[in-house]
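Here's the structure we're looking at; comments come further down.
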Amino acid sequence: MLGLNKKDSVLLLVVTLLAICAPFILNPFPTGSAMAQFNAGYPDLMQRFVIFGIFAIGFNILFGLTGYLSFGHAAFLGVGSYSAVWMFKLLSMNIIPAITLSVLVAGVFALLIGYVSLRRSGIYFAILTLAFAQMSFNLAYSVLTPITNGETGLQLALDDPRILDAAPANAGSLPYPSLFGFEMSDTYIMSAGAWQFQFSVGYYVCAIVLLVSFYLAMRLFRSPFGMMLRAIKSNQQRMNYTGLNARPYALAAFVISGMYAGLAGGLMASMDPLAGAERMQWTASGEVVLMTILGGAGTLIGPVLGAGFIKYFENIFSKINDNILHQWFAFMPDGIEDIMVTIVHPFIGKGWHLTLGILFMLVVTFLPGGLVEGGQRIGRLFRRRKTGRNDNADSTDSTKKPAE
Amino acid sequence: MSNNTFTRRGVLRTGAIAGAGVALPTIFTASSAAAYTNEPMGSSVTLGFNVPQTGPYADEGADELRAYELAVEHLNGGGDGGMLNTFSSDALQGNGILGKKVEYVTGDTQTKSDAARASARSMIEKDGAIMVTGGSSSGVAIAVQGLCQEAGVIFMAGLTHSNDTTGKDKKANGFRHFFNAYMSGAALAPVLKQLYGSDRNAYHLTADYTWGWTQEESIVAATEALGWNTVNTVKTPLSATDFSSYIAPVMNSGADVLVLNHYGGNMVNSLTNAVQFGLREKVVNGKNFEIVVPLYSRLMARGAGENVKGIHGSTNWHWSLQDDASKAFVKSFGTKYGFPPSQAAHTVYCQTLLYADAAQRAGTFNPCGIAEALEGFEFDGLGNGKTLYRAADHQCFKDVLVVRGKENPQSEFDLLEVVEVTPAEQVTYEPDHPMFAGGALGECNPGS
Amino acid sequence: MGILEVKGVNKRFGGLQALGDVNLDVAENSVHAIIGPNGAGKSTLLNCLVGKLIPDTGSVMFEGQSVLGRKPYEINQMGISRVFQTPEIFGDLTVLENMMIPCFAKRDGAFRMHAFEHSFNEKGIIEHAEAMLEDMNMADKRNEHSASMSRGDKRRLEIAMCLAQDPKLLLLDEPTAGMARADTNNTIDLLKRIKSEREITIAIIEHDMHVVFSLAERITVLAQGSPLVEDTPENIKGHPKVREAYLGEAAA
Amino acid sequence: MDAIILQILNGLDKGSAYALIALGLTLIFGTLGVVNFAHGALFMIGAFCAVTFSKILHSSYTVIDETKTDFLGNPLKVDMTYVEKWFGNAAGGTILDWAVPLSILFAIPVMIIIGFVMERGLIKHFYTRPHADQILVTFGLAIVLQELIKYFYGANPIPTGAPEMFRGSFDFGALLGFDANTIIYPYWRLVYFVFSAVIIGAVFSFLRFTTFGMVVRAGMADRETVGLLGININKRFTLMFGMAAAVAGLAGVMYAPINSPNYHMGMDFLVLSFVVVVVGGMGSLPGAVLAGFLLGILESFASMNEIKSILPGIDQIIIYLVAIIILLTRPRGLMGRKGVMEE
C-alpha cells in the first residue's frame, strides 16, 4: 500500500485509526466523574499531541537517523509560528498560505544554521545549534519586539490589513484561522450518555497533516536516502571513503527536520493565532529532545508517543489540585483521606514537574529503548503467552531492527 | 459562519443520543442552543484559576490560589465572609452566583504565554469554565486576555502592571483591577519630589521586555515632569542573574538616583547587587544616592532581605492597611492560612468577587451582560477606597500606595510600610493618553 | 607510467619529519606492497593518498590527475577504495544494507536526494549487492546486524564493500593486523582470488611479511619517512638495507 | 579606563562562577564520559546548603512578647535562637553572622555524599549507554532535585547575607592610584574571586601532585589503558564524582550572598556552563577555566553602554556569538582534545 511494505502499512493504518478515533479514545471517562480529570479528549490538547508529534517526528529524522543532536530545534518552530501569524495579519486567515510560508521560512532558516553548524559534529554541533537558537530567542524577546511583539507574543489585531480577506461582518471581533470556510475553532460536541466527545475541525486538520507527515517520514526512513542518513550515524569515516559526501546528506536531513518543525509551528499558530517567544527557548528545544529519547529515538512511532506522554503530563497533571484529590479519596475515612491527599499532593498541580522528572528517570533506566521498547516488551509477553513454552525463538529475538 | 452543520463550541450540548449522532450531525442544530460559551446548565458554575505554579513566580501563584479558594468559600457562604461584608454592593447572597454553587479548576501558566493559553483553553474547552482569571506577568495577562476575547469568556486579570494590558492590547472581555505603570509613576512622583527634591539625576535599569519598557517610559515621564534629569536608560536581559556589570557604570555616571524597572528575580538580584556595590552609601552632587523600585511586591522583596530597607516604591495593596475591608480580608486570610495575604492574593480575591457581583447584578453569566455590569461600576469596601471600573478601557481607578522598605521589621511579613496613599484622582488619566493609545476594546464576545 | 604516481612528497608534523621526499610509482594491475618498521611513515603516506592529509610539498597523481586538495569522497569517486586496519563498516546496519551503500555510491555519485524511492525497490542495487555477498560466501548473513559479526567476517564485508564500487585501485592498510593465522590465510586467498578475477591494482601496507611475500609483485621499503628501496620481493628478501632497517624487529 | 577596570573585575567575578561549574562538568565529562545535566542542580544544592545551615543555626524557641502585636492583632511571638542562648549574644551573633562561610564545612561532606549517591545509585549504570540516555536521566534528576528544593523552600529567592565585615565595598581605585570612589567593588565579590582561585588551584594541584590525580589524568587521556593497568578505576570514578559535586557545591555556597538562592538557579547556569565547557574544549580542564573567565569578561564588556549603543542587544547574545565564532575557528574549542564527544 502506498509504496510501503506490509508491516509499515499496518503501522500507518493503526496510526490513522488512532488519529480518527482520538476524540473517543482520549475521553474514556464520563464527564463529571471523578476520573474525568484524566480525559485528554478536548481540542486544545488533542491538537497539541498531534503538533508536537509532528515536531518530534521531524526532530527524529535528524537525531534518530543521523545521530546529530540539535539543541536548537525550537528556533525553527518559533520562526514557523511567527511567519504564520504574520500571514494571518497581512494576507489572509486561510491557513494554507500561512503554513506554506512557515515551512519555507523554517527551511531557509534551517539551511543557514545547518550549513554553519554541520561544520562540527558531536557536542560541538549541539552547542552551535543551541547558541543560534538562544540568540534567536533572546533577540525575539527584546530587540526584535517590533517583529515578534516580544514578551506577549505576536497576536492578531483588529486593524491588521489582511488584504485577501473580505471585511468581516462583525468589525468588532477578530476573525478565526480557517480552511476555506471551516474555522479551526469550530467544534462539534456529541453527547452519549454520560460521555461527551468533542470533534474539532482544527484537530482533524492537524491529524491529516500528521498522517501525511508520518507517511512521508516513513517513506524517508525506508528510502536509500534514509539508509544514507543511518550510515552517517553509524560510521561517517566509512561513508567518506565510500565516495559519499556526508555533509549534504546531513544538511538535507537538517533542513527537512527544520521544515517539520516549521510545519508544527505554523499549525500551532493556526490552531491558536499567537506566537510566543518562549517556544524558541532552549527548554523548548530540550523538550523535543526528551520527547524523542523518551519515546525511542530512531523509531518511527516513538517520538509521537514521547510527545503525547510529556504533553499529557504538562496539561493534565498540572490541573489536578487538592480539591480534586479530596473528591477522589472522599470514599475513605477522614483521617486516611487526609493522609492520602498529603502523600499525593507533592506530585500534582505545581508538582507536575517532579512527577515528570521521576518518570524520565524510570523510563530511561528500565526501558533503554524508550516507550517503544516498553511496547515491544508487552507485545513479546503476549506473544509468548500465546505461543506457549515450546516456542522460545521469540524471546531470543532481542536484536532490534535498527530503524523500526 | 458559512457552514451551519458546524457550530462554535458551546452552541451544542445535546441530549443523550449515542452513535447515530456521528453520521448525522445536522439533526442537532435545531436542538437547545446555549446563548454563549459554556453557559452553565446545571446547579454549579465553574471558574478557571490560571496561575503560575511552576517557574520563578510559583510562590505568587500559590498565594493567588489561596485567595481564590478563600473567595470561592465566601461566595458559597462559607467562612467569615471576608470582604463580602464590607463590599459596597450587596447583590451577593452567599449562596454562590445566581444561586449556582461556585466550583473551580486550576491550571499552570508557567509564566509563558504559550503554556498559559494552553491551560486557559483546556479550562474553557474541557472544564467548561465561564471565566478565566489569574496570572503574574503582563505578557501572560495580555496573551490570555486575547484568548478569552476570542473564545467568548470573561478574563479577570491577576497581577499585571504593564500599561498595555488596558492600553494598546485592551479587550472588551478583559478587566484589570491591578494598577499600572503610569499610576506607579503618578503616585511616586510627588513623594519622590518631597523626599529627594526636584533637582535629581536619574539612571534607569530596565528589564528588556515590554513591561519594563512601559514602566520606564512612565517613570521617566513622571520624574522629568518634576524637573529631574534622566542620565541614562539601560536595558538588561531578562535572563540576567548578575547585574554587577550594569550597576558598575552607574557609579561614575553623575547620577544620584537609580531606578530599577525590574520585577521578580531580576528585581531581587539588581537591588541586592546595587546595595552590594555600596550605592546607598555614596554621595553624588552633594546628595545622598537613592534607589527606587517603582513596582514593589512583598513576596519578592523578601528575597532581597535587608537590602529593601528604606527603598521606596509603589504597590497595589498591603496587608497593613487599616480600613475595614483590608482588615476583614487580612483576618479572614490570616486565620485560614496563618500568614497575611500578598497584593496578588488581594487582587485576585477582589477580581473574583467583582465578577460574581457583576453576574449577580446582571442576572446572567453572559459575558456581554457581565461586561455591561462592570463597565463604569463604582464600588467601595474592597480595600483600595472608592474605585471605578472605567468603561472606556476596563481599568480600575483607585488609590495607589507608596511604600518603603521597613527599617525595623517585626516579623518576616512586616517588610513594607505605607508612606502615602495616593488618591485615585491623582493617578487618573484620559483613556486616549499617549502611553495607552492604539488598540481598541472591540466588542464583547459571548462566543456564538 | 603507473596508475598512481607519488613525487617528492614531504610532510612535517611540528618538528617531526613524517615523510621526506617520497617517490612511489604503482604500476597498473599490479600488487604493490609498502613495508617498513613502526613509525616509518606508512600510514601517513596512505593518508596522503586518500585525502585525509595534504602533503606539504610534492604531487600525488592518480591516472594522470592530481588528488591533492580533494576530499576523501572525491578521491574515492575517482576510483580509489580504502580498507582500514580495523574494519570500518556500518555497524548499525544489516550486512545487505552495508553492501547496498557502496552500490548506491557507485550509481548515484557523492550525493543524491533519493528520499522517496523505496530501498527495497532498488532491484539493480540489491542484485549487485547480493551477488557480491554471494561471491564472498556471505549470502547467508545478509540480514545479520553487521556489528555482531566476527572480525574476519567484518574484514570480508569491508573488502566486499570496497570491491562493489569496482575501484581501479584498492588500498589496504594492514588488512590482517590482529588476525589469527587461519583468518590471515583466508584473507590472502581472498585477495589473490580478487586479483585473478578482475582488473584491479592493489596497494597494500603490511607488517606481516608472510602476507607481503605471498601477494606483492613489487615492494617499497619505507624507513624514517623515506623510501629505502623499491624492488621485486625476491630482491627485497636479501637486501642488506632492509635487514638493517628491520634490525631489532622481527625480520620475518 | 576606570570603567574598563571595573568591568574586568566584574568579568573575573562572573567568570569564576562559570569556571568553577565548568571545571566540575569537565572533570565528569573527561573522566567518566558522562554528560551531566544535573550539574547545575548540584550548584543550586550547594547554595541551599548555605541556606539550610544558616536555618539550622537560626533554629529557635518562641517567646511571646506581650508588648507588641502581630498582623492579626494577637501578641507577637518572637523567635530566639539557641545559638545565642548557648554562646551568649556576642559570640552567638558572630556565629550567625558567619553562617555562610561556616556552611562550607557543612557543604563539603553533604555534597560529597550526594555525589557518591548519585554516582553509585544512578550514573554508574549509564557509563556504557548513549549520551542521549545520559542527558535524559540526568535532566530528569535535575528536575527532581530542583522540585524537591522548591517543595521545601518555595520558589522565591531566599536572602542569605555575607558576614557583616564583608558587606561593604572596597575602594579599588584608591589602591590603583585613581580618584577616590571611582572603582569601588564589593568585598564579598573579591572574596568569591579569591575563593574560586583557591579552589581551582587546589583541584589542579590535586590532579598534578597526587597519585590519585595522576591516575585520573591518565584516565582522561586513555581510559582503556588505565583500566588495563589493573587499577580499580571505578572506585576512583566515584571519588571523582564526589569531588566534582563538592566543587560545584562550594561554588554555590559562596555564591549565595551574591544573589539570593532560588530553586531554578541551577538551570539558569546549566546552559551557560555547558557553553563554557564546550568553548573551552571537551576534556580540557585549563580550557574550561580559561573559557569561563573569557566569557565572563566579554559578557561584562558587552553590557557597557558605549558598546550597547553601537550594537543594541549585544549583551543578550554575546556569549552565544563568541561561542559560535570560537567553535568555527577552532574546531575543538580553545583547548579541546581530539575525539572527545565528537560523535
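Per-chain residue numbering starts at 1, and chain names A, B, C and D are given in the order in which the chains are listed.
We take it that a contact is a pair of C-beta atoms (placed from the backbone, for glycine too) under 8 Å apart; a residue touches a chain by one contact, two chains touch by 3 or more.
Per UniProt, the chains are B = ABC transporter substrate-binding protein; C = ABC transporter ATP-binding protein.
Please read all numbers here as calculations on a predicted model, not as lab measurements.
Enquirer: Which chains does subunit B share as contact partners with subunit D?
Expert: Chains touching both subunit B and subunit D: A.
Enquirer: If I average the Cα coordinates per chain and compare with the overall Cα mean, which chain comes out closest?
Expert: A
Enquirer: Chain pair with the most contact pairs?
Expert: After tallying contacts for each pair, the winner is A-B.
Enquirer: Compute the distance, rounded to whole Å, between the mean C-alpha positions of subunit A and subunit B.
Expert: Going by mean C-alpha positions, subunit A sits 33 Å from subunit B.
Enquirer: For subunit A and subunit C, let me know how many angstrom lie between their CA-based centres, rounded off.
Expert: From the centre of subunit A to the centre of subunit C is 46 Å.
Enquirer: Centroid from C-alpha atoms only, then distance subunit B to subunit C, rounded to Å. What do you get?
Expert: Going by mean C-alpha positions, subunit B sits 73 Å from subunit C.
Enquirer: When the centre of a chain is set as the mean of its C-alpha atoms, what distance in Å lies between subunit C and subunit D?
Expert: 51
Enquirer: Using the touch definition from the top, which residues of subunit D touch two or more other chains?
Expert: 313, 316
Enquirer: Two-or-more-chain contact residues of subunit C, please, as numbers and ranges.
Expert: In subunit C, no residue touches at least two other chains, as defined above.
Enquirer: Could you list which residues of subunit B touch at least two other chains?
Expert: 58, 62, 208, 235, 237, 239 - these are the residues of subunit B that touch more than one other chain.
Enquirer: Going by the touch rule set out above, what shape does the chain contact graph take here: line, ring, star, complete or other?
Expert: Topology of the interface graph: other, matching no listed pattern.
Enquirer: So which chains actually touch one another? I want all the pairs, not just one.
Expert: So the chains that touch one another pair up as A-B, A-C, A-D, B-D.
Enquirer: What residues of subunit B sit close enough to touch subunit D in their complex?
Expert: 55-59, 62, 208, 232, 234-237, 239, 241-242, 244-246, 248-249, 251-252, 265, 268-269, 272-273, 276-278, 281-282, 299-300, 302-307, 319-320, 330-331, 334-335, 340, 410-411, 413-414
Enquirer: Which residues of subunit D touch subunit B in the complex?
Expert: Where subunit D meets subunit B, its residues are 2-3, 6-7, 10-11, 13-14, 17, 68, 70-72, 76, 150, 154-161, 167-169, 181-182, 184-186, 188-189, 258-260, 262, 264-265, 268-269, 299-300, 303-305, 308, 313, 315-316.
Enquirer: Enumerate the contact residues on subunit A facing subunit D in the complex.
Expert: For subunit A paired with subunit D, touching residues are 63, 67, 69, 116, 119-124, 127-128, 130-132, 134-135, 138-139, 141-143, 282-283, 286, 289-290, 293-294, 297, 346, 351, 353-354, 356-361, 364-365, 368.
Enquirer: Could you list, by residue number, the parts of subunit A that touch subunit C in their complex?
Expert: Per the stated touch rule, the residues are 3-5, 219-220, 222-228, 230-231, 233-235, 237-246, 248-249, 252, 256, 399, 402.
Enquirer: If you look only at subunit A, which of its residues touch subunit B in the complex?
Expert: Listed in rising order, the residues of subunit A that touch subunit B are 39, 42-45, 48, 138, 141-143, 145, 149-153, 155-159, 170, 172-174, 176, 181-183, 185-193, 196, 198, 200-201, 272, 274, 276, 278-279, 314-315, 318-319, 321, 323, 349-350, 352-353.
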